[in-house]
Amino acid sequence: MSAVEAPSQAKRLAPALADAISQCMRDDPRVIVWGEDVRIGVMGPTRGLADEFGPERVVDCPISEAAFVGAAVGAAVGGLRPVVDIMFSSFAYVAFDQLANQAGRLRYMTGGQLAVPLVVVGSAGAAGSNAAQHSEVPSALFLQAGGLRVVFPSTPHQAFWLMRAAVESDDPVVVLHHPALAAARGSVTPEPLGLGDAQVDPVGTDVSVFATGMMAHRARAAARSLEAEGISVEVVDVCSLSPMPWDVILASVEKTGRAVVVDEGRLTCSVASEIAAGLAERAFGALRTGIRRLAVPDVPIPFAPNLEQAVIPGEDDIATAAREAVRG
Amino acid sequence: MSAVEAPSQAKRLAPALADAISQCMRDDPRVIVWGEDVRIGVMGPTRGLADEFGPERVVDCPISEAAFVGAAVGAAVGGLRPVVDIMFSSFAYVAFDQLANQAGRLRYMTGGQLAVPLVVVGSAGAAGSNAAQHSEVPSALFLQAGGLRVVFPSTPHQAFWLMRAAVESDDPVVVLHHPALAAARGSVTPEPLGLGDAQVDPVGTDVSVFATGMMAHRARAAARSLEAEGISVEVVDVCSLSPMPWDVILASVEKTGRAVVVDEGRLTCSVASEIAAGLAERAFGALRTGIRRLAVPDVPIPFAPNLEQAVIPGEDDIATAAREAVRG
Amino acid sequence: MSRESVLRERGADWLRTMVRIRRFEEKLAELHRSGELVGVVHLSIGQEATAVGICSSLRPGDQITSTHRGHHHMLARGLEPRRMYAEILGRAGGYCGGKGGSMHVSSFSEGAVGANGIVGGGIAHAVGLALAAQKLGKGSVAVAFFGDGAANQGVLFESLNLAALWQVPVLFVCENNGYTEFTPTDAVTAGGSIFARAAIFGLPAEAVDGDDVIAVHRAADEALARARNGGGPAFIECRTNRWRGHHEGEESYARPYREPPRPPDPLDRLEQAMAGAGLDAAQLRSTIELEERALVAESLAAARAEPEPETSRAFEDVFA
Amino acid sequence: MSRESVLRERGADWLRTMVRIRRFEEKLAELHRSGELVGVVHLSIGQEATAVGICSSLRPGDQITSTHRGHHHMLARGLEPRRMYAEILGRAGGYCGGKGGSMHVSSFSEGAVGANGIVGGGIAHAVGLALAAQKLGKGSVAVAFFGDGAANQGVLFESLNLAALWQVPVLFVCENNGYTEFTPTDAVTAGGSIFARAAIFGLPAEAVDGDDVIAVHRAADEALARARNGGGPAFIECRTNRWRGHHEGEESYARPYREPPRPPDPLDRLEQAMAGAGLDAAQLRSTIELEERALVAESLAAARAEPEPETSRAFEDVFA
């Protein structure tokens, strides 16, 4: 594809996703967007695209997730590069066979005869009292499903570059975006990010905190407050979950010897569990203390604001876990 | 329910599942079975039930997993106790919304007003060249989905008692059974097993191996061969995955200080990762060496026998990992 | 029964419930504007006659499954405004203890089994509820409410097939308000009318004027009587109108935002029909308006006074 | 074109392909009995005319999606018996390098995009393939093969709606062999014929005698010509018969096991039709039988001689 100009000025996260898609659409006529109300762009990532590319390339679909994700699998195999907005990523459960058993298996089952360059974008996380079916972070389900790439940007910069990488990838990629970060501002710089990358910020020496999406923001905030206490926290924003940036993750713990893994998904078989398990297996010698996981307990997300807050890890929870890891 | 008589004589695994269901059907008229070809009982767990209970209580369904699992959710809420045979558990992806977002959420979303006493039984694992869509072990997907109980018996005894417990439970329970163990023989003794139980056999002192289903058999075989080498292996058959028997798991590692976790599912965000993470968090002080995970790498199950064998942990792999854990 | 006598017998109740729904939801719109109401809220204003017409044919023990846009179903089924407000405001005294909110209001004991945030998610549940009722000899029926957009979900077709095979007492009610969120449903729905999609499974299926409570009630009465007598499932497409947007607050992003058309008000249509039947409808309407506005105001005040749920409740009710 | 001239022009090719499918699969039945063939294998014996009638209307570049019972589609599409055997026996030289097996034989370069082990799983793919062909101006069409049991999967209805909305060049072919595994499909399918389910979405839909290759071919030719000229999707229900069980070896558990009825052999029907058209069909048949039996035997021998895949291949091809 043609050289990329990253939008120079400060951006918000959801528009950065849309910018990346529109650049790809300009560069490559095979890129086509569909989903429910993608022309209005209810969820953000497709907003404004219809104005530039029209209804032929920005297609509003019926509420038929299994079929339009399945059609996207077929269209991708057939030479298009569909970007499907599934709205809330938990709606993907309705199309789960098409993602797990089809998009994630076809290349392998055919012995590599074909590729499935498909992007499925969906929101993940609690926007504030959207309750159990519109708030969860299913990243672990997509990872465990197999055959899918998964990214979860937490900043406009990550959003722009990872969406570009997703659309340019020849593999099926699930792009998650946090609804409460849709308006988060940040500058998109020309340093590209790709599948398999992580962002380390701040760099620290006492304890490593691994997080994505909203949890990455809370981890950075916790790091700032702990700095005042003289605790140096390294925050690794694992914005690419598949491929998982193990090199960065392991290097960080080799340095700090302490790990806190934060996840807005449910704990059991979560991304937090995966990172903790990988560390317990591959960095055991470096670990000076037990690995601490912070995640949503194994409950759905409740509606009431105080209950929702109670089940999702907060800045203080992260600070407490990091402090315990260091001070024991 | 009435007192249980466990089938005294030696049993095979799939018939033991059917025995448990038929006992429950005799005890409780609310228990009703449905799925595709459950009258013939293609998959085993329902074989013979139609002869005793007839087509009113053993109902053949169209290929409409989303609707008949959804109907089972409604029927369970309405006072029946449906046992749905989904055939291969990977077919559940077609009905994943009904399992994850419905069966696993309704009680919570309604603040506990209702219960969903539903059983979904399906095969999990490689029976020998059934390829990618008929061979995988999706236990981690059901655990991560949330709101579901999950059991995976490896012996007729476990199969009988855990199926009984599943049907008697007021929660949605996924019962997995390994197709290559359908004919495995064993005696069903009167000592009941329930949700949340594990079976420790053999008891050992040097290293703990955690496994389920076929992997539990291979772990026991590896334990026998390592005994000859003077290595004492404790095998914890985690036949109940939710509730997870953490007390047994932690106690074993507190004793041995070494852990190998074996899983026929894909590695990333697997049950193996969950157990390893829990140990790294809660038994760190007892660990004398890194935790080793053995699982299917993140690939679908291939068709060719030699390839299938190459991706699934074998007895030798388990023995090697346990040996390394002990000898370093 | 003649139109007149039906109106004389039930018109007042219908009018009261329809007014209650309207005033109840107008308050929610205010609360959302003021920011007191959090989360996404989908209002049913304009669709009152459908919910009231169907639910007024139900008996105690009958069960309904509902949708993200379900307040009118719940009020028509007889739920209390106070406990509904409490739920929608996330208070401890809400029907679901504040854990469900607007999209999941339900009262199991009153036969409102659950509102669903997944489009089409509750349709198959109604088939199962009907099967349970049949097998357990309850004599009750189940109603699945869903929208025109949900008519494109595969699980609807599967559920129709299953209900037809099992001949269970379930009524499928498609509330056709013309919109799938912001998309006119016609633009994403091939072929003829939605009710025709049910007919191919051999179900009695028809379309009615969903803003005419009498027409809706008549169709429901007939279908439910048949179902109670072992006549099996049926399908009613209620053609109604969504007066407000898809959800409150959408103007913030849904540009160009258009006010949806305002067809004749189903409340006024009922009032006029009652007047035509020789009832003093104007007088009745103003009395009902006074009483219901008062009820709604008191209910909201009472709900506001409720405490938020105990934090510990967040960790309960996953398993029985 | 008259029946006679069609037969004169294409009858010999059809007969050859149908014989090839029959003999190819008879060998598979033997291999399964002897234990040399592992895994589950679903044979299409009895359904040859459907696959041949449809695929003989296809051109290079056209694409098909298939099912767990797909060998006949693949052979009719022109795949080599040798590489198919190699795949089904898990050899390195198989179309999928031995990673797919019987249920997943496919040859992307020859337009056989993939056989699916999930019932209904490939239907939507064909809609997407057709859309891609349209958008990329390929001029090709896509065909979705699926069974009568798959006609109860929600994704079929969703796919029909999508295809009708998009007006893409896709042909839905329901191979109705009367069975959903061991269950007669009528017992789990409410309403009228299967093709009527497509008609409600406004698709041209018809049922044909799936054992009459000429009838199938005519219907396909018409539908595909229309699709190529921008006329959009169509649906053909081919009424055929499954001669063997659901899968080989089912007698071991499927008691009481009944041999399915044996209708007139579609191969004999074609031979007779050709004779009726004045061709020396008997002579032709015996030549073809000799040649195809030889081809099948050589192909199997060659496949057996192939090595198993390198173990390293198990860890490749997940991602591009």
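Every chain is named by a letter (A, B, C and D) in the order it is written, and numbering of its residues begins at 1.
Here is the rule we go by: contacts are C-beta pairs under 8 Å (C-beta built on N, C-alpha and C of every residue); 3 or more make two chains touch, one makes a residue touch a chain.
Fair warning: this is a prediction, and the values are worked out from it, not measured in the lab.
*Asks:* Going by the touch criterion at the top, tell me which pair is linked by more C-beta contacts: A-C or A-D.
*Replies:* Per the contact counts, A-D leads.
*Asks:* Among the chains here, which has the CA centroid at the largest distance from chain A's centroid?
*Replies:* Between chain A and the rest, the longest centre separation is with D.
*Asks:* In whole angstrom, how far does the Cα centroid of chain A sit from the Cα centroid of chain C?
*Replies:* Distance between chain centres: 36 Å.
*Asks:* Centroid of chain A to centroid of chain B, CA atoms only: how many Å?
*Replies:* 30
*Asks:* Using the average of all C-alpha atoms in each chain as its centre, how far is it in Å between chain A and chain D?
*Replies:* About 40 Å, centre to centre.
*Asks:* Can you give the whole-Å distance between the Cα centres of chain C and chain D?
*Replies:* 46
*Asks:* Which residues of chain D are in contact with two or more other chains?
*Replies:* Touching at least two other chains: 96, 98-100, 104, 116, 118, 121, 152-155, 158, 161, 165, 188-189, 313, 318.
*Asks:* For chain B, which residues are shared contacts with two or more other chains?
*Replies:* Answer for chain B, listing residues that touch two or more other chains: 61-62, 64, 66-67, 93-94, 97, 101, 108-109, 131-133, 146-147, 298-300, 302.
*Asks:* Testing understanding: with touching defined as stated, what is the shape of the graph linking the protein chains, line, ring, star, complete or other?
*Replies:* Here the contact pattern is complete, since every chain touches every other one.
*Asks:* Chain A touches which residues of chain D in the complex?
*Replies:* So the residues of chain D in touch with chain A come to 63, 65, 94-100, 104, 106-109, 113-114, 116, 118, 121, 123-133, 135-136, 138, 142, 154-155, 158-159, 161-162, 165, 313, 316-320.
*Asks:* Of all residues in chain B, which touch chain D in the complex?
*Replies:* Its residues touching chain D are 36-37, 40-42, 47, 60-64, 66-67, 91, 93-94, 128-134, 297-300, 302-308, 310-311.
*Asks:* Would you pull the chain A residues touching chain B in the complex into a rising list?
*Replies:* My answer: residues 66, 90, 93-94, 96-97, 100-101, 104-105, 108-109, 131-133, 138, 140-141, 143-147, 242, 244, 265-266, 268-274, 276-282, 284-285, 287, 289-293, 298-300, 302.
*Asks:* What residues on chain A touch chain D, complex-wise?
*Replies:* 30, 32, 61-62, 64, 66-80, 82, 97-98, 101-102, 106-115, 117, 146-147, 149, 169-171
*Asks:* What part of chain D is in contact with chain B in the complex they form?
*Replies:* Where chain D meets chain B, its residues are 38-40, 90-91, 96, 98-101, 103-104, 116-121, 149-150, 152-154, 180-183, 187-189, 253-254, 308-309, 311, 313-315, 318.
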